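Going in written order, the chains are labelled A, B, C, D, E and F, and every chain counts its residues from 1.
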């Protein structure tokens, strides 16, 4: 096991393609996406109705070495600023397989 | 105005299922149509209506009157967001004004579809080119809305914005693309295609529409709460602007000399407001705009108004003018 | 009893698809109907059966016999959980006794639906008011079950419990609401509505039922394991109580003088047990009760028993008595 | 980035509306919900079949300042007690945008 | 070869919807069919085609020619992966060679289904036993592929591998199981069953197929990128091997003396490659193999080739030979 | 609240049944599963199309006492080795209810 940082991002589903493209550009080794989550925050309730497609969030997890964190955060921040959302960073151990 | 036309319109199962949805939320029933079924119903409806329009177009080419109709449709899609924007700008922040303007400039496919079922029950025909008109009216308002916003906004130097993406979102978003594609396939395969697809695209249509409107009722009722915050001005806007646009639509139809069915459909397009294509595009292009305003206005006021009172009212006016 | 009636009942595609589902799990095939499709099928079935019932009711008003039928239905929905509770209470914890009692007092819409397709194939008619009977029978048992539980439980002073919520869950849960709403829409729009909705609500009905029963087979087989833990008493209960209730149902039908079709449908309602409305309500009102008991009893024993052996058996008895 | 607590709650989907209402009552700034998760625990397998609707869980994430944790926990605990489930609290860094 | 047959084949709405899907991805439209709808469509298609095949088989028993056809089908399902493997082994890692070999030995139900709709439009009949042939051809190639891999691989002593599981994955995976089960139900219930299920299993079939092919177009186009990495050899393989297999299929059909319709269907089965049953099995049995090779080959090259050019081309050859 | 370890596993959906069986064999007290997540990693993009069923991941969460971690990790590692995926271990507090 080696120490690693876990970055969790929750943001507007409509921005997901752009966000993933950015992650790939800065060269993260991997990510995982839960495409449909709902939620509440500063921008009010986002209860995920299908009709309008504008009230849904996506949840993205990136596990990466500490030194890459700031790169990811800088890539994500403008999107969060414009479209809302949350970005959490925490510690974890990566099981080497 | 004949009240029987309103009652006749209401006694349509799909419309009643819309009310059932409203009622469910009002009574706090836990009824819900789980995701992604509403999305599927909406894809189905777009495909079916597009295909059908294409097949009908294949029966006869474009004539001058049709061309004028299409022109009028595009004109309305450009002018409505323009005048709406200036009305709105005086009362609210720029981003919201632009987003609401785009909402009312664009169209609602489900209102259109409900209108077709209204006409069908009355035995009044309409042409397949109306579907083309609908497809043409979906996108321009998006562009106009964003243009206006960026023109008037001070900090329009946002580095993240790309016109290229906006045009793609406006003209190639899933619903516009599917309706245009199905229209083309319908036009290509004509009656042979229709024969093969009819049980799917026509026979079960009303049933799927009923399910979809049930969900619209649920969603509209849930969004009604947002409107209280929006206030009286926007509620009035959501009722008066559609009526104004409908009146212009009737006038244009009269001038072009459209048959009654086509006139009603064009009118309904003018009167309707988008809650699918526009919100998605606005969310990306003007994220500063508050979707809790423009979505419930279109979904929880204008849509119900149009399918309940609008349809019979517009037809009533047309019946008078055309006679 | 004529074996051919059993075979006839089995050779119905939907019933066979139920077996296919059981077989898939037995053979460890990875076949599955992904969520939320089963939910959609169940909404569809409720909507279709409700709508159809309403349309049929619109053909003729309520007469005395119908009123008696509805009365009998409600009576059964109140008495069955009562007697079941006292039978169960002696052998198991209070919460489980109450939940199982409610399960058997309420009804299974899909058993009802399978019975309609059984009758239809035999050319036997039944009245639309039976759908009303079904809707009326869904909820009372929930209230009775919870009442009994709270009466006998010592610590019934739970601060979190609200009768208001319970009534809402019982009478306005999604499935009850949809069936009643569709029934009303069917009754309002009558034959015109039926004509519009028929391809959706009737023609493809059997196919969707087949898909749904395939999933029921999968789920029932998966839940069978839970029953082993439940033991012989509950398994016997899940077979004998439905039969008892069916016999009472037949008797009541006979006394009221119902036609054969109506008699079978009422009997099936009495015999069936709920695995949709009741579990959801119990989970909220008596969370102490173990759903791994009451769900598989209804789903993996009573349901298959009713649709396989029950239907022909009940009809056999009715045929004898009525002749 | 500022330190924050991440609260993860897994409980019966049927209780979700009530749980969210409580969170809103005590004034959390936001939450995120994954509506359909399955699982296993003390109350046995909850494999999420659609038919009965009673074997499904929901997963709720609340990021909040340390001082709000006990409020959330107290709001959630009675529900977990009655309906089962799990509540985990961990440390994270909130990316300010 | 008559170009009109190609055009005729293309002017089929489902095929055109496949192109629409390709186009959507090319133009970067955000059109998508949300999960799990494609899964549902695929379950529906398997159920419908299986059921129909069973019903048709119930019309007449098995004769010698049919038995030979089934034998030929199984033979092809065993031989194709064998020869493909040795062709591939020289150019690529063992796991990929085995997985691609299995892919081409097995069959694509949707190609088969598209072929039935092609024949139907031409008024050419085919027998229900062809569905049995399809079911028989799904699994053997999986076993052959894994056998070959484990024979040639050095470290085949993987502790985690179980032949039992492999056989279950091959013969009882969801799609194979559903098609065989529906086939059996169709054969058991015959014309009575067909009458009940027809509106679901037949009338709306083309529409659901269109929706499914729309999604196939989307997925195929998205996967095309993977192929660039795969290189020219595999692209050539994905075109030439189907043609070769089709030629052998035509030859066998000729020798057995099959009627035209049956001949085309057998040919199409030989020519098609699996992207449902095989990838799932390979992923479990040979996880070392790269799905970004075998999936897009089957899905993005062989499938479109077969339904666009293959169908008319194979029929053209059959028309010549049989005349 | 008592300290606990949170194990997050992301791996091929096709292996999910086997993985859960193993977890039950070694006797974990509970787990939670999010059945459909997509992602990117060493094995490329796994964007979750339905047609082939081979490009989907599942996300499993196990909360367990520190002493059980190595058991879980050893049970999971061979699957990750063969089929790819990620396993993260982090600290959390378990709310006792």
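The rule is short, and it goes like this: a residue touches a chain if its C-beta (ideal position, glycine included) is under 8 Å from a C-beta of that chain, and two chains touch if they have at least 3 such contacts.
Not measured: the values here are computed from a predicted model.
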For chain D and chain E, chains touching each: C, F
From chain F, the most remote chain by mean C-alpha position: B
Chain at maximum distance from chain C, centres defined as averaged CA atoms: A
Residue-number overlap at the chain B/chain C interface, same or different (half cut): different
Inter-centroid spacing, chain F versus chain B (mean Cα positions, whole Å): 45
Chain centre separation (chain A, chain F; CA means) in Å: 19
Centroid distance [mean C-alpha coordinates] between chain F and chain E, Å: 34
Numbers and ranges of chain F residues touching at least 2 other chains: 34, 90-91
Junction residues of chain E, two or more chains touched: 35-37, 39, 199, 203-204
Interchain contacts (touch definition) - all pairs: A-B, A-D, A-F, B-C, B-E, C-D, C-E, D-F, E-F
Interface residues, chain D side, partner chain C - complex: 12, 14-15, 36, 44, 47-55, 78, 82-84
Chain E contact footprint on chain B (complex, rising order): 35-36, 39-40, 43-44, 47, 51, 168-169, 172-174, 177-178, 181-182, 185, 188-189, 192-193, 196-197, 199-201, 203-204
Contact footprint of chain D on chain C as seen in their complex: 35-39, 42, 160, 215-216, 219, 222, 226, 275-276, 279-280, 282-284, 287, 291-292, 295, 299
Residues of chain F touching chain D in the complex: 1, 4, 6, 20, 24, 29-35, 61, 63, 90-95, 97
Residues of chain E defined as touching chain B within the complex: 11-13, 16-17, 20, 23-24, 27-37, 117, 121, 199, 203-208, 210-211
